[in-house]
Amino acid sequence: MNVGFIGLGRMGVGMAANLLKAGHDVTVYNRTPGKDEEIVQMGARPAAEVAEACDGEIVVTMLADDHAVESVVYGDQRVLASLAKGAIHVSSSTISVALAERLTADHAAAGQRFVAAPVFGRPEAAADGKLFVVAAGESEAVTTATPFFDAVGQKTFVVSETPKAANLVKLSGNFLIASVIESLGEAIALVSKGGVDRHQYLDLLTSTLFGAPVYKTYGGLIVDRKFEPAGFAAPLGQKDIRLVLAAAEELRVPLPIASLLRDRFLSLLAHGGDNLDWSALGSLAARDAGEAAN
Amino acid sequence: MNVGFIGLGRMGVGMAANLLKAGHDVTVYNRTPGKDEEIVQMGARPAAEVAEACDGEIVVTMLADDHAVESVVYGDQRVLASLAKGAIHVSSSTISVALAERLTADHAAAGQRFVAAPVFGRPEAAADGKLFVVAAGESEAVTTATPFFDAVGQKTFVVSETPKAANLVKLSGNFLIASVIESLGEAIALVSKGGVDRHQYLDLLTSTLFGAPVYKTYGGLIVDRKFEPAGFAAPLGQKDIRLVLAAAEELRVPLPIASLLRDRFLSLLAHGGDNLDWSALGSLAARDAGEAAN
Amino acid sequence: MNVGFIGLGRMGVGMAANLLKAGHDVTVYNRTPGKDEEIVQMGARPAAEVAEACDGEIVVTMLADDHAVESVVYGDQRVLASLAKGAIHVSSSTISVALAERLTADHAAAGQRFVAAPVFGRPEAAADGKLFVVAAGESEAVTTATPFFDAVGQKTFVVSETPKAANLVKLSGNFLIASVIESLGEAIALVSKGGVDRHQYLDLLTSTLFGAPVYKTYGGLIVDRKFEPAGFAAPLGQKDIRLVLAAAEELRVPLPIASLLRDRFLSLLAHGGDNLDWSALGSLAARDAGEAAN
Amino acid sequence: MNVGFIGLGRMGVGMAANLLKAGHDVTVYNRTPGKDEEIVQMGARPAAEVAEACDGEIVVTMLADDHAVESVVYGDQRVLASLAKGAIHVSSSTISVALAERLTADHAAAGQRFVAAPVFGRPEAAADGKLFVVAAGESEAVTTATPFFDAVGQKTFVVSETPKAANLVKLSGNFLIASVIESLGEAIALVSKGGVDRHQYLDLLTSTLFGAPVYKTYGGLIVDRKFEPAGFAAPLGQKDIRLVLAAAEELRVPLPIASLLRDRFLSLLAHGGDNLDWSALGSLAARDAGEAAN
């Protein structure tokens, strides 16, 4: 399959590499020049402009946020202006439900197709082709995009024929992860101030009822207070909570834990947390309890 | 080992049966007469009074709450007045940190020993001897009680030499479970109102990042809206959140999610939830979003 | 002074009338035709287009939200395209801090001036010329606009030379009012379920420590459960809380009560509260406590 | 009237003095000796024991908390054992609803009467006889106690024939005050970080919609960051929020703002706030926003 791939950040580079390994023809574009060297050496064709990455059946965007996606989609020589009729824009970025809705409409108006396919997994999972893909879109388009899903992920969930539903699911997943971070942060602050060793406590939790990877991964970062370097930076976490709250507002669904997470993120960022991993959220309960964070 | 066992509720009856199966001499007492029939048929000796269950090396209490524990411990012919010097009171009930502290002092003053050993697991796990035991107490006493832990549980975690630390850990665990219930309730309310099938959604969550049993068990109850019969009744959940908040207050640790859970439980109970499983907490987000609970 | 006035809603019509009474030449524009009849009979000149209301020294906009303001400001024949160099756009609408910032920049680029002058007060206060005006902008522009402030308000507070500061203050004020509604709603739900007469309770509060008009006005609506007709509709209250949260996010200020209010508003709207007064927020605590809203 | 007065703290000494000024015979008792000197010089009779203060028609208790009240009521030579049949115990302390219920029953069983009459007002108001009295109890007993109310307060509200209702109202009032402190703290943190002068902001608020004394008093302490010496110490505020939450739990009324206040108080105390005025709560929003508390 001839695939364009836009966005060679920590996630994108692994995904593009796995597309190559799966035998696809991949044309890559990244706004910042030079980021494509590694992937070009692996066999990708470099695109000097967005438009050059849009001449296949599919173009994938894997970018940081709504703004970045809008800037490659809208405008001269951009995705919307360049994609052939019937071709598919697969958006794997974690974007807003509102933007997904808008892209769906705009691609349809241009005779193109839009599939939302956000992914779960950290950069290591992207490198290993072990992402989980949450896909939504018109059935035929999803089928066409399936080789891409297979190349980057270990499993794909098709949740709806309406693309934005996949974004909602993705955002809700990040909300659930952040909820785990916050609740673990509170529990650890409590037992730790009560004299229990926090490493032993996490071990107890994860070897009993809380064996999911998410508890091990984030719990480990919290008890080790190892928030740098950031696997997923706090501002991105904050963005996702903002997006989940925006989607919830549109649907009129109160989400009290998400509201709490929002305030936690703002406090984290107000205290210089821009370069920390979002798991640093899990240190705020200890701070509020007057416990030093070292 | 000669073990007294007080409290033959849904949890206690399974634990006492496993003590018998492990070859111990077990004397059982339950306030409500008749509840001991099954266990006596299995070989336990029935005690007509609390005192009769206190003539061995260990007496275990497995009761509903602080009040029930106090009523078998304090007073004539009760545990404190009946236990031999050096004998051990093992408390497996989910009681307050404050009561654990008081029992530690009172048993010590009486020349007796106190071990806190609350357990994680629902009645089925108790019946299968698959509980997780969180033990704390003076080292020798914990060692002496170990055959009991081995009989009822699949794994024991010794977290401190101070008994109350085990109760704190147990309460924090129930807090984390309730946090999962609430956050799942919110996420399900959101995606469901957004058009995603909630059963498929739960399947997606539990086959990806949220594979822990707690997500499967409670998520299943929430998406099936199956809150009766109660495996663990809402008032017990509410009690545990009250106890975790009380312990946190003593330690001066703010717990915003626990505060939210407190309010959720009160609303659940105010709407007639006394006989529902505590997972019914996970239906309140949908209610607040105006979704019928059909 | 020659003043254009755009927006003849419940607030605007009173303000424009007071401008006329103060002797100013007023040209009025309203998107929906016919709304200007009353005010034209009082002496205002009707404008068929936005541009016609922009030929004086000042044009005031008093509209429902950001969208409405944007639609009269941007575009051919609109405020930005029509206002003379040096003329002033006074925005009395409750708009976002972000839009105020954008308007400041765009009017400056066009050689025009922008003053933010949101107001506190319900429609009756607007009719009586008893509003409180919160003004911010370049000093000379504020001075020029002062006759307008004097005509519509009983007092003007100049809070900054940066227009958006006035919008922030206005939004924070609405946040404080909503906080009063929520806290009163909780207190009334509590004492009422505890057997105290809620009317007597409110009387006690307002004749002791809580004598401010805001407690009397909103407390009265809550204890009377008189949420229709809406003096200030719930969707407008929700909008303002959204705007205050957006401003707080930009400034990285966590606002836990505002987050709670956000969720309350969503629940109110999810239960059909679109046409209720925003004080209906104060009925949700009773609902959560299982009390009928008879 | 022959009145016993127990508790000569900052509030009690002013109340007892006003009883003397009104011409009553007052016998005073305070646990810490020496505290009665000033009031004895004004004409009060000193009691060496609690019992000596219980020989009149009425004995008033004005103490710090439940524990202090219990310790003067229960036991040999204490209020319950000393009061004549038909005599009245008027409790003006801010105590729990549960203790009020227990005192009502115990005094009734002893043939005595119990009136709850907590007061609103800071020490200066107590000294000036300007308290607000919230009274509840059996009608005749309340009538008998009225000269006491008149001596210490500017107005009395009789809210119920069930004493504990007065305590509920008192606690709810302190909850409302703390809500004002928190919401003001949030609003001030917001506009202040947004560049608005916080003193001018408070002036704007209190001269418009928020003219109640409670906004002026607490707002002033917050903008001046003057939290010492404590007029009402943070631990007392925390106690009251605990009591309001306990009463709400009993009545099954969720109180989300009270839950937030609880967490705020714990954080304040965890950071060394024991000697600060409870208005220091209003500084936490700024702290969470990363603003120094200079």
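Order of writing sets the chain letters: A, B, C and D. Residues in each chain are counted from 1.
In this text, a contact is a pair of C-beta atoms (placed from the backbone, for glycine too) under 8 Å apart; a residue touches a chain by one contact, two chains touch by 3 or more.
Everything numeric here is computed off the predicted structure, so don't read it as measured data.
Asks: What angle, rounded to the nearest 5°, describes the rotation that places the Cα atoms of chain C on chain D?
Replies: Nearest-5 rotation angle for the superposition: 180 degrees.
Asks: Identify which chain pair among A-C, C-D or A-D reproduces the interface of B-C, meaning that over half of its contact pairs, matched by residue number, are the same.
Replies: A-D
Asks: Taking CA centroids for every chain, report which one is farthest away from chain D.
Replies: Most remote chain from chain D, centroid-wise, comes out as A.
Asks: Applying the document's contact definition, name the chain pair with more C-beta pairs in contact, B-D or A-B.
Replies: Result of the comparison of B-D and A-B: A-B.
Asks: Could the interface between the copies chain A and chain D be described as same, meaning over half of its residue numbers are common to both, or is it different?
Replies: Comparing the two copies, chain A and chain D contact each other through largely the same residue numbers, since over half are shared.
Asks: Centre to centre, by mean C-alpha position, how many angstrom separate chain A and chain B?
Replies: Going by mean C-alpha positions, chain A sits 38 Å from chain B.
Asks: Express in whole angstrom the distance between the two chain centres, defined as the mean CA positions of chain A and chain D.
Replies: Their C-alpha centroids are separated by 52 Å.
Asks: Which integer distance in Å separates the CA centroid of chain B from that of chain D?
Replies: 38
Asks: So which bits of chain B are touching at least two other chains?
Replies: 248, 252-256, 260, 263, 266-267, 270, 288-290
Asks: Using the touch definition from the top, list the residues of chain B that touch chain A in their complex.
Replies: Contacts found on chain B: 97, 120, 132, 134, 155, 157, 159-160, 162, 164-165, 168-169, 172-173, 175-177, 179-180, 182-184, 186-187, 189-191, 193-197, 200-201, 204-205, 207-215, 244, 247-248, 251-258, 260, 285, 288-290.
Asks: Quick check on the complex: what are the chain B residues that touch chain D?
Replies: Answer in residue numbers: 242, 245, 248-249, 252-256, 259-260, 262-264, 266-267, 269-270.
Asks: Taking the complex as given, what residues does chain D use to touch chain A?
Replies: Counting only chain D, the residues touching chain A are 263, 266-267, 270-272, 288-290.
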